[in-house]
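In what comes next, chain A is part of two complexes: it sits with chain B in the first one and with chain C in the second one.
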Partner chain A sequence: MIVIKKRIGIPRSLLYYKYFPLWKTFLEELGVEIVLSDRTNSKIIDIGGRYAIDEICIPLKLYYGHVLNLLEKNIDYLFVPRYVSTTIGTYFCPKFLGLPDMVRGTIDNLPPIIEFEVNMQKRPMYLSAYKLGKVLHKSTWQIKKAYEKAIKDYKYFRQLMVDGLSFKKALNVLNSKNRNFKPKKKIIDYVAKIAIIGHGYNVHDSFINMNLINKLNKMKVNVVTLENLPLEIFKNQTVITNTLENYWGNEEEILSAVNYLFETKDIDGIIFICSFCCGPDSLIDEIMARDAKKLKIPYIGLVLDEHSGQAGVITRVEAFVDMIVRKKNNIRIIYKKPTMPIGIINKSEKEVGAEF
Partner chain B sequence: MVMAENREAEIDKNDNLYLGIDVGSVSTKFAIINDNMELIYSTWARSHGSPIKSVQDGFKEMQNDFIDYESQIRAVGTTGSARYLTKALVGGDIAKTEIIAHAVAASYFVPGVRTILEIGGQDSKVILLENGIITDFAMNSICAAGTGSFLDHQAHRLGIPIEEFGDYAKRSKTDVVIAGRCTVFAESDMIHKQQMGHSKEDIIWGLCNSLVRNYLNNVCKGKKLLPPITFQGGVAANDGIRRAFEKHLGQKIIVHKNFLTMGAIGAAMLAREYIEINNIKTKFKGFNVGEMKFTPKAFNCTDCPNQCEITYVEQDDGTIIARWGDRCGKWTL
Partner chain C sequence: MKVTFPHMGNCWPAFKVLCTGVGAEVYLPDPNNVKQLDAGLKHSPEWVCFPFKVTLSNFIEALDEGVDNLVMATDCGPCRFGFYYAVQERILRDLGYDFKMYYLPQGDLLDFKWIKLLKALSEDKSLLNYFRIFRTARLFLMKSQLIQTVEKLEGKIRCYEVNKGDTTHTLNKCIQLIDDANTFNELNKLRKRIKNEFDKIEINKRDNNEILKVGLSGEIQVTLDPFVNHDIKRKLGELGCEVHMNLSLYDWIKHKFHVNFHRKYLEYLNKSQKNIGGLQMDIGGEAFWVMGEYIDYAQRGFDGFVHIYPFTCMPEITAKSILTKWYGNKYFDIPPIFFGFDEHSGEAGLITRLESYVDLLKNKKEKKNNGNGRK
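And now, the complex of A and B:
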């Protein structure tokens, strides 16, 4: 029988930004100390990139970096769940499916990996949690109690975000053990309401997205992420065309959120963040861009990788916000027009433009 | 070194003046406009590496002519990739992106403009407008093919001045296809075509076509380019590229006479708008900015593993006028 020691390392990466609140309560209730890797920094990105194969996306490179960072923290176990599917009909990308194997195959001198499969196609979430509890040698009763508390906490956490808190703030509330906190509806003065849509690990990791949310807040933009949208919109599976159902896990959420925003139109613009060489994202980027164009909702896709120049991203975002603000307030150049026409202007009424 | 100066209107003692400065990767542009949108002064010069020096040189050029009218400057706007640095140096009122600046100026000078093709030293952009409002834009992301720097480099390699690029392209008799996917391959393909015996003229015209193709396929992907179309930024000086655009788009491409300084004019217009809407006074330091001493300095912050490189600019009196480069924001001024 393995004697479970207390320290379990969780990389602050990938689905940490989605399921950490759940596993946090669950593991803590089972009497485990959680050790998180540091927030993403340039050292983590460097060492992660060194270990990972070149073709892989930046979030996965970061994952290796976070694992290596944890190895310096004297942990007894490493927590690497194998996420296969969390909603019926959708699957995560293959890199999530093989994550424990990839970590094991890449990095030497690892502590034992706590590996369990989350696959809603095969078994409900509580059975996955049960398996995890059994790995930790806990009794069924202990596991049941811990899981109930974890689910309660997770729901509370999600509700906090629906009520408008950011991931970081909601996590702070969860850490404070106060379960009666109600975010106040602040009436803030903003110039535009912009949704930042993307995988949680791109949107909430301020290093990888170059502090985008803060930058937008400084420009007086009211930022909405997909977790801030009502929970019920994620319940039904999205249909891309009449015949084609989406089957990617993360993209499912993104499409649901964007479709909701397209329907309600309660948004001034949408910024989609995706990582370079993410296959599913590159497809839905195009789908969303086309739909946004039809609905005349400003949309911009930002592709991030470890080489991204900050200047280009900032210029794009600033111009995007300015464009929205000017459009919203209908700011045109009001000075008197030049009397002399300058240059020859092709005054055809027909729209004869070339399309690319 | 001033390369292009332009004065269209005389200055009047009662005029309100608006100064716009556009500091890009390759060149520095200044423009002064008055209330009637007349161009009092505009200039374009190569940056030669240091944006601080370029801005100061520009002010030294202006100082003699405009020092007496300093109090008439009502607003100063900056744009271009060095907009924040320039704003801090001169005491600018706003710093806006080139995209907005170009669009604003073009929508005034080319009434009804629907499409702006803007190709500068290191980026290329397309801006779409409708009734004077920007509806969409795009910017080159992972590829800098077809921007001014590449053309400069190729002109140098072929041993002809960049100013004559357009004339060479015009003299071409045959179409030569140059691989335009990537500048590195474009260059090796050009060398190959030279070795095959094609003339310089044909190769240059082929290069213009391949750059335009690349721009249209990458930057303008998914966009509908409606006329009137204007072409702005430094590369618009190249008539070969303009003609290649006309060939590929089947449209008249307008190159306004202020195409080089459009960004600076736009920045001046935006500064005016900002001052008027908010009803405030300009923070402009004056034309003696050229005489002041600015020292750029840098250090590595060691407070966390990010080890950000912090840069800052010190004015001669020791005050720090700009500081940035940190990810966390604690140094940013």
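And now, the complex of A and C:
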């Protein structure tokens, strides 16, 4: 007897860049076939932009594009997660909260939608998974096994990234089913170490950020993303002021990572990528920029939109890297001359910092 | 102790009594205006939502006047509002101001955290103070209820007024009356007085078929503040629309005390439309109820629906996407129109769009009336 697997479409967008390994193992263990949309390309941006209303942020326009792309692929179900909160007391951006409704409300001729609601405020994660499994008519035992495997895989995946792999490479390793992979520590000579911080769907989608990571690598910059940082730093909730704890799930990671970098100072500069019209980022960008200025850590916020010209962004990044390299060399030279009183070093540093 | 709080349209008498009731002195910033806004624009993040900029400029004005205690409401997610006061505090401190920021947690009023704020605002530390606090809270509720009454009447009556401007005049007068009354007794009497004041407006009752009934809803600050929304309510009224609006400060407070059954009904309406994309949960802002209102107005046979929000507002844009599609697909037969406001939105464009919208509604109504006549 031939078993025809149900085909579930997953848009390669938004939280794909964070939780896909988890979904993938879970769904595959439950015996369905996963169909991904194509990698982001100009066609996807185009149809997404045409479909969505103007004012919406690009990641969501892309989401539309990816969903529409999937509709051409003959799928039985469409997987649209509704991530509300993954820890108690935090929320995702409002657009994630309403994502399935928005898809249902705005796109015609959809296949049935499989919602995966993760809301720690209401129920623990495994119950959400249980609900999802029941939609696919699986037994409790099967769901339990699949869920445990998924969590294990996800942890392994995160560990790979902490060990220094990029999102794409870590995903490849996971797909290869080789669980004993040890990433080699490559020792390369680099001119600066720069952190690229931002939402996964901006940082790891090389089309929308114009291949920024590769371009930086070519400039001999050692690039760090927030997933490469140690896992412990994400445990505690970030404090904004003494009366306010951050309550945004995605931003939590960004803030933790940036605070960690601020504390250890083990970084030469920070590039924050955000999308035009993004709500949460508009505020945390302000906070981080102010902190960076105080601590004199070079920081720029790159705002992406679908019209942003390649050239403009690249020039800015190049200037930024140049500035950092110059600053580094500068300080080293000053450092070598012990006759210079320390006060002056601080002063010259201040002037450099004042550029931001 | 001198305190200040940001403006939200006509709601200031209610906020004021909240401070004066417990013995604090109030500095009331000028009503929002263009000049004041400049300072706020200069120091706000570039594309933060508009209410942030407006409230920040209120604070800057007050600080320049020497006030050193600021009160700001806050929420606990999921939208940006909860971050307002913290980021504003940060910005103002970096500007070199010295002040104390009080915040009013209103995520869930039943947790009674707001008592803490009122206690902090009053310098009296005796037990008797609790009576004062509850008296103040009650005054606040009564005043906000009266403001709601006034605003509702205003929207419904303006299109009938004979002398242009009467309604606005009466509105301002009533708000002043509400501010002046400071005992339960006086406020109780005001209820009648307000009705009388509005009855005094000379009106020209027209045929029901002629008047357009329009629902207005949107993000709360933008909807309630006539400066921010370029007085869209008045403009609609002057174009001959009876404006219905359920949103008000009182409505919001009731919701936060979990006793707002109208909103519960709207939530139910939304959830019942799951198949075509009715929101299934509160996603912040007013989106959940805006969509409920739309369905409700559509079912009640209204002619139009106006949705206003700050430009880039996350929840409202979600609602807007869905509503646009709903009308496009003819699920509901009531054309919505959307206005996003920020410092760049010009008045001229707004008027043109409103006029053509009202024309469209008129044509639609005429067709419908004629159609009915023929049957």
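FYI, the second predicted complex is superposed on the first by the 325 of 356 C-alpha atoms of A that agree within 3 Å, B and C clash if a C-alpha of one lies under 4 Å from a C-alpha of the other, contacts with A are read in each partner's own complex, and residues count from 1 in each chain.
Just so we're on the same page, a contact is a pair of C-beta atoms (placed from the backbone, for glycine too) under 8 Å apart; a residue touches a chain by one contact, two chains touch by 3 or more.
Worth saying up front: this structure is predicted, and the values here are computed from it rather than measured.
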In the overlay, answer first, second, both or neither for which of chain B and chain C A:I56 touches. second
Check the residue A:N211 against both partner chains and state whether it touches chain B (first), chain C (second), both, or neither. first
In the overlaid three-chain picture, which partner chain does A:M102 touch, first (chain B) or second (chain C), both, or neither? second
Between chain B (first) and chain C (second), which, if any, makes contact with A:I287: first, second, both or neither? second
Have a look at where A:I233 lands relative to chain B and chain C in the superposition and call it first, second, both or neither. neither
Looking at the overlay, does A:T90 come into contact with chain B only (first), chain C only (second), both, or neither? second
Report for A:A319: first if it touches chain B alone, second if chain C alone, otherwise both or neither. first
With the two complexes superposed on chain A, say which partner A:D38 touches: chain B (first), chain C (second), both, or neither. first
So chain A touches chain B in one structure and chain C in the other; where do those two contact lists coincide? 276, 286, 290
For a test of understanding, state which residues of chain A touch chain C in their complex under the given definition. 52-53, 55-56, 82, 84, 89-95, 97-98, 100-106, 108, 240-241, 243-244, 247-248, 276-277, 279-280, 282-283, 285-287, 290
Residue numbers of chain C touching chain A in their complex, please. 45-49, 74, 76-80, 82-83, 85-87, 89-91, 94, 103, 274-281, 283-285, 287, 311-315, 317-318, 320-322, 324-326, 329, 340
State the interface residues of chain A toward chain B in the complex, per the touch definition above. 38, 41-44, 207, 211, 214, 276, 286, 289-290, 293, 296, 298, 303, 311-312, 315-316, 318-320, 322-323, 326-327, 330-333, 335-338, 341-346, 348, 351-356
Touching residues of chain B toward chain A in the complex: what are they? 36-37, 81, 96-100, 104, 107-112, 114-115, 123, 131-137, 139, 141-142, 216-217, 220-228, 230, 248-252, 254-257, 269, 273, 304-307, 327, 329
